[in-house]
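Common to both upcoming complexes is chain A, partnered first by chain B, then by chain C.
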Partner chain A sequence: MSRLLKYSPGVVATGCVWLGLSWGLFNVIKYAFTDVDGLILDDPWLQQVLLFSIKQAGLSALFSVGGAVLFALAIARRVFWGRQWLMALLQVCFALPVIVVILGIVQVYGRSGWLNHLLGTEFSIYGLAGILICHVFFNLPLATRVLVSHLEAIPDSYYAQAAQMQLNGWWRWRWLEWPLIRTQVVGLSLLVFLLCFNSFTIVLALGGGPKSTTLEVAIYQALRYEFDLPQAGILALLQLALAIIIAVLATRLMPASTTTAPISVHRSQQALWLSASKLWVTIRGFGLIFCLLPLLAIVWGAWSGLSAWPWSSSLGEATLNSLLIGLCSSLLACLLSLAMLHFRQHMRYRCVDRWLEQTAVAALYLPPVVLATGWFIGTLAWHRADYWSYILIVMANALMALPFTFRLIASAFQHCYDYYGPLAQSLGLRRWAWWRWFVLPMTNKPLAQSLALAWILSLGDMGVAVLVGAADFNTLPLTIYRLLGSYQLASAMAVAVWLLVCCGLCYGLVYLTLGRKSASS
Partner chain B sequence: MLAVEGLTIKRNQQVMCYSAQLKSGQLCALTGASGVGKSTLLEAITGLLPVTSGQLFWQGERFDQCVPGQRPVTMLFQQQNLIEHLDVLTNIALGVSPSAKLTVQQQQTLQQITERLAITELLACSPLSLSGGQRQRVALARCLLRQKPLLLLDEPFSALDPNLRHECLQLTHELQQQFGLTVLLVTHFPEEVASIADCYWHISEGGHIDVMSQTVNQAAK
Partner chain C sequence: MLFIKHLFMTVVHAPRLKTRSKAITSKLLLLFSIVPLLSGAAEPQQPLTLTVFTYESFISEWGPGPKLKAAFEKQCQCTLNWLSSTDGVGLLNRLRLEGEHLPADIVLGLDQHLIVAAKKLKLFAPHQQSLPPLTLPDPWQDKVFLPYDYGYFAFIYDSRKLKNPPQSLAELVKRKDIQVIYQDPRTSTPGQGLLLWMQQVFGNQTAQAWQQLAAHTVTITKGWSEAYGMFLKGEADMVLSYTTSPAYHQEVDKVTHYQAAAFNEGHTLQVEVAAQLAQSKQPELAQQFLAFLLSPSAQRIIATHNWMLPVRAIKKLPPAFGQLITPRKSLEMSLETIAKQRKQWLRQWRRAVSQ
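Showing the complex of A and B:
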């Protein structure tokens, strides 16, 4: 009995994740092979779509990581006022709802946006340029945070030596910084390439016409406009194959994540001798403006569009849908993480360990649209009752949040077992007592963090809802997308701010109720 | 002559004010209780710590306004003197050339030094594969190659076992004589450096320095 209790939650959780993943993939593959002849690689349309998918992902990775290297150096080389705030802003950028950012970017760089207004030009955001700006907005902060944490991990003694040997500017980069972040730069480039290759919402909203269509959007069109299931299956299979190749490369090259160490005062004094250049201040300024402008644009747009506030019963329904789906998927993601981590503690074998970790992060590499396509095809037989949309979206969102929740909780969980495991055993505290007095109090903070993050990610997700939702299905991001599609920019802005407020409220709610009292910091 | 004149450093709540002089070509041992500010003084002379006031002179020339690399000073830390992802040769060469390319002259000097320190065979190795004693000798080689007249040693051999520590101290003394260096050496064991020290700076609370000359030292012997 006790053995059953020990292993069953973990086995069930891992099994569910695997079942979900493989069921989706199975459906895709099944339909793809009903019409293998349909896969004609020398079809010029397909070639164009494929080429554009790779081109936009490659350029996004280049600009994101290239910019991130400069930005990270500008942040890590100096201690300056507001450093903490800048790092927090970078974190916020990454968790923002995609559709909200798209709106903000349209407001800044769009045809009648601020930039065109300022320069008197007619630059159009739709197409490659807009896609790149959006992708860089999301991935530059991500890459910057990773690189800053690695730059800060460079030992103080290296800086002391560099100061003595007068290694400045280029030479410090050549001998200290580049050798230590080289692997990160390569790994991050592949990761960003993959994320952009799998990106759906941004391309759907900003890709203009057939010239700038990616595989993901082509899948959506085949599925929802032409209802050509074999075609969708083939495209999804192609997407999947390419994504897996890149994912394997990325996991091989990307070393395990490291923790962020706070920069020491001692370091800052030494750094003062080493760099005092206006260049870095300029780069920091550019980075800050780039991250901040779209956010300001949304607030400003909402303020000016207050009269067009589209309050209606459908907005209420959309809000409720979004909040409920978010709550369910975040709870599911956290439960899955806990069950899998529990399992890992009791199965201390290397291979199980790796396998669980890979399962948890699988959703980071697998294109969500491909999975959702598989599920969509699979549930067609059930007449697609209304609640299936809910279930599918909750499942997909939970899987998408799993890599983050798993990793957030993992180290506190491990610490709890390592630190108090023997004590609890000697006291005979087991099962519920163990969870109640040790695990939950000690993992309370990361648990609250994961719950909040998963909720926000789900609130902002639109891709899966677009793909599997019925025509009258409504969430907040979908409302914004439809308003944007009908050029009601002011109303869209207002809903976007409402969505941000919801995100903030959810985050605050979870934090105040769960994350407040912490047994260990 | 090295002159430290009213060098004031604020660290946490403590204020330390140092004043002392050291003749050229002498080896001076810095003693005092832990946390009293021995390393702080060395780091301030090297330029790694900012000072609030006071002046530093070498042979009458003020150098406290210079950046660390331009001071007539080179410092050997207790540990972690090497950059671990670069090989030994690069680690040493960076001391005199940021591109790690040495002139013929520098290469000759390097050869003499490495032979003297018995590390010629280690030049292609990674610092990670070296023992503690080997690492400190490599770091010492870099200090010597830089040919700065002032050598500051912050408990350089305290991580080594007593026999090795004694050997390394003797070697340091010989090199000091050979290169005509002025040396400040932090130590927790004054008796160990009794045979090589020309004088002592005993630091007490607030950075007060009692200078004890070699005559006292020899009388003690």
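Showing the complex of A and C:
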């Protein structure tokens, strides 16, 4: 019995995850090979789609990482007022719901947006330009944070020495900063490339026409516009293969010596570049404006759109759906993580360790759209899109959050077992007592964090819901997307702010109720 | 898995929040007080409800939807609900996905070109109506789908801006100075109409024609409403719609500068149809609605709000209907050919416009 309890939750959890993944893939593959026409693979259209997918991801990676190098240097080289706030802003940028950012970007750069107003131009955001702006908005902050953390890991003494040797600007860059940045640039670029290659919502919302269709959007169109399952299967398989290749490359090319220390280094003034170059101030200013403008646009838009506040029963339903799906998927993600970690503690073999780790992060390379496509095709025969919408979205969101929740909880969990495991064993604690008095109190902060994070990620996710949801299925991001589609920007902004409020409330609620306890215990 | 660490690092190190215990309880209370509000109080028992699945512009506030609902509810002692999709072909796509689980009694807004494909789903019941004399160009034979209006596709332009509109589809395709918006043939019936129109006019040369058109296409929208809205905002010189669209501007906006361009090759005919779903739990009510659709009062509402031609002769239609262009030729195609070739043509279109 005790052995059963020891292993079964972990086995079941890992089994469930792998079953989910392989069932999704199985369906995709099954349909991909029923394409009797076999026409699609030598269709020039497919080449166009592939080319565009790669082009947009490549350009996004180039601009994001290129911009991030400059921005990171501008941040890391000087201590300035509000630095911590800027870093916090960069972090917020990455975690924002995609559709909210799209809305902000349309407000700033769109045809009747601020920029066109200011310059008197008629720049259209739909197409490659909009996709790039949006991708850079998400990935530039990500890359910047990573690079800043590395630049700050350069010991003070190096700088002191450089100063002694009277190395000036270029040479410091050449001998101090570049070697560090160089190790990161390739891996980071590939990571951003992968994220943009797998990006769905942004291309769907800002793509604007057949010329800017990516593979992911083509999958969606095959499924929802043409109901062509074999075609969807083939496209999904192609997307999957490419995503895996890129992920493997990224992993290989990412150097092992990385530091994950939180960014809190306070450099002595001496260590900094004292050249008060206007260039760096300008770069910082640009970076700040670029990240801040869409956020301001949403707040401003929501404020001016208060009269158009679309309160209706359908918004209530959307809110409820979003909150419930988020809650279920975050609970599921945390439960799976706990079960897998528990299993890992009792099966301390390297291979099991690796296997569990791989399971947890699988969802990062497998594009959610591909998985959801497989599940969607698989459930068609049973119940079609009824309450399966909910189940599929919860499953997909839980898998998307799993890499984060697993890693968040892992170290605290490990710590608890390492330090108190022997003690508990010598006390002969029963399993429930061990969990009640040791594991839960000790992991409760990361647990709360991962619950909150998973909840927020799910609240902001739209891709899976668009793909599998019945047409009258409603979540908050879907409501925003539809309002945006019918040019009701003011109402869309109001809902976007409401979504942000919901995110804040969920985060606060989980964090305050669960995360607080460990402080007192 | 180091690259994941980066990703993880940026997400996870969230700023810590300072807390007060009172705040928690109040927030908890807030959440729990919101939830029941959102879900709504239990509603009293409703009379029968008929759900009609149709496209967006049909039920917009200026469309026929609201008027039809009021008129039908008066005579049926029931509630009429709408369920909507962006455009006509979208209706069929959703039917394919959800089949007998689709919560609707009537599907309204497919056109004659989709009938063969729709029948293959085996989801529809016969309409059981004895048809009055119809104004359609050809006699109506179908026993399942009931026609409720018809029209001819046409490109609409603003005669104040475009002084020399093209005289033929071939000219339009070649005229690079004319910015065009049309609808996606995979989701929208006008878009599909253009697909057939192009096919009939250009035959083997259709792929090249699509490419030529793509060179001066602003965008391809998912549905009619979006395309027409963009055109009215001035984002294009011509938009794909119907010969009847100018009547709307004449009657409602009292302006005459929006015109339909008459093309030498003729115009493709569209007959919009409705049918009862076999899964309907109140077939009598559904049949009553179908009969209502052909009644003179409903036909008048449809003609003057959907801005299509009524399928029955109606007295005293607004005078604007008398000033519409009459197509030189009504282009029609065998429905079997369409059903067989549609996918091929769609791929050809997709290939041409993605370049």
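The working rule: the second predicted complex is superposed on the first by the 491 of 521 C-alpha atoms of A that agree within 3 Å, B and C clash if a C-alpha of one lies under 4 Å from a C-alpha of the other, contacts with A are read in each partner's own complex, and residues count from 1 in each chain.
Here is the rule we go by: contacts are C-beta pairs under 8 Å (C-beta built on N, C-alpha and C of every residue); 3 or more make two chains touch, one makes a residue touch a chain.
This one's a predicted model, so the numbers in the text were calculated from it and none came from an experiment.
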Checklist entry - In the superposed arrangement, which partner chain does A:A160 touch: chain B (first), chain C (second), both, or neither? => result first
Checklist entry - Which partner reaches more residues of chain A, chain B or chain C? => result C
Next on the checklist: Once chain A of both complexes is superposed, is A:W171 in touch with chain B (first), chain C (second), both, or neither?
Outcome noted: first
Checklist entry - Who does A:P179 touch here: chain B (first), chain C (second), both, or neither? => result first
Item to check | Partner chain(s) touched by A:Y419 [first = chain B, second = chain C, both, neither] | outcome: neither
Checklist entry - In the superposed arrangement, which partner chain does A:E317 touch: chain B (first), chain C (second), both, or neither? => result second
Checklist entry - Which residues of chain C touch chain A in their complex? => result 1-15, 17, 19, 21, 23-24, 27-28, 30-31, 35, 37-40, 83, 85, 90, 93-94, 96-101, 184, 186-187, 217, 219-220, 222, 225-226, 229, 343, 346-347, 350-351, 353-355
Checklist entry - Inside the complex, what are the residues of chain A that reach chain B? => result 155, 157-158, 160-161, 163-168, 171, 175-176, 179-180, 269-270, 272-273
Checklist entry - What residues of chain A sit close enough to touch chain C in their complex? => result 39, 43-45, 48-49, 88, 90-91, 94-95, 126, 141-142, 145-146, 149, 187-188, 190-191, 208-211, 213, 221, 224-228, 250-251, 254-256, 258, 260, 262, 313, 316-317, 319-320, 357-358, 361, 364, 380, 383-386, 403-404, 407-408, 449, 453, 470-472, 485-487, 505, 508-509, 511-513, 516
Checklist outcome for this item: chain B residues touching chain A in their complex are 46-50, 67-70, 74-75, 77, 79-83, 85-86, 90, 94-95, 98-100, 146
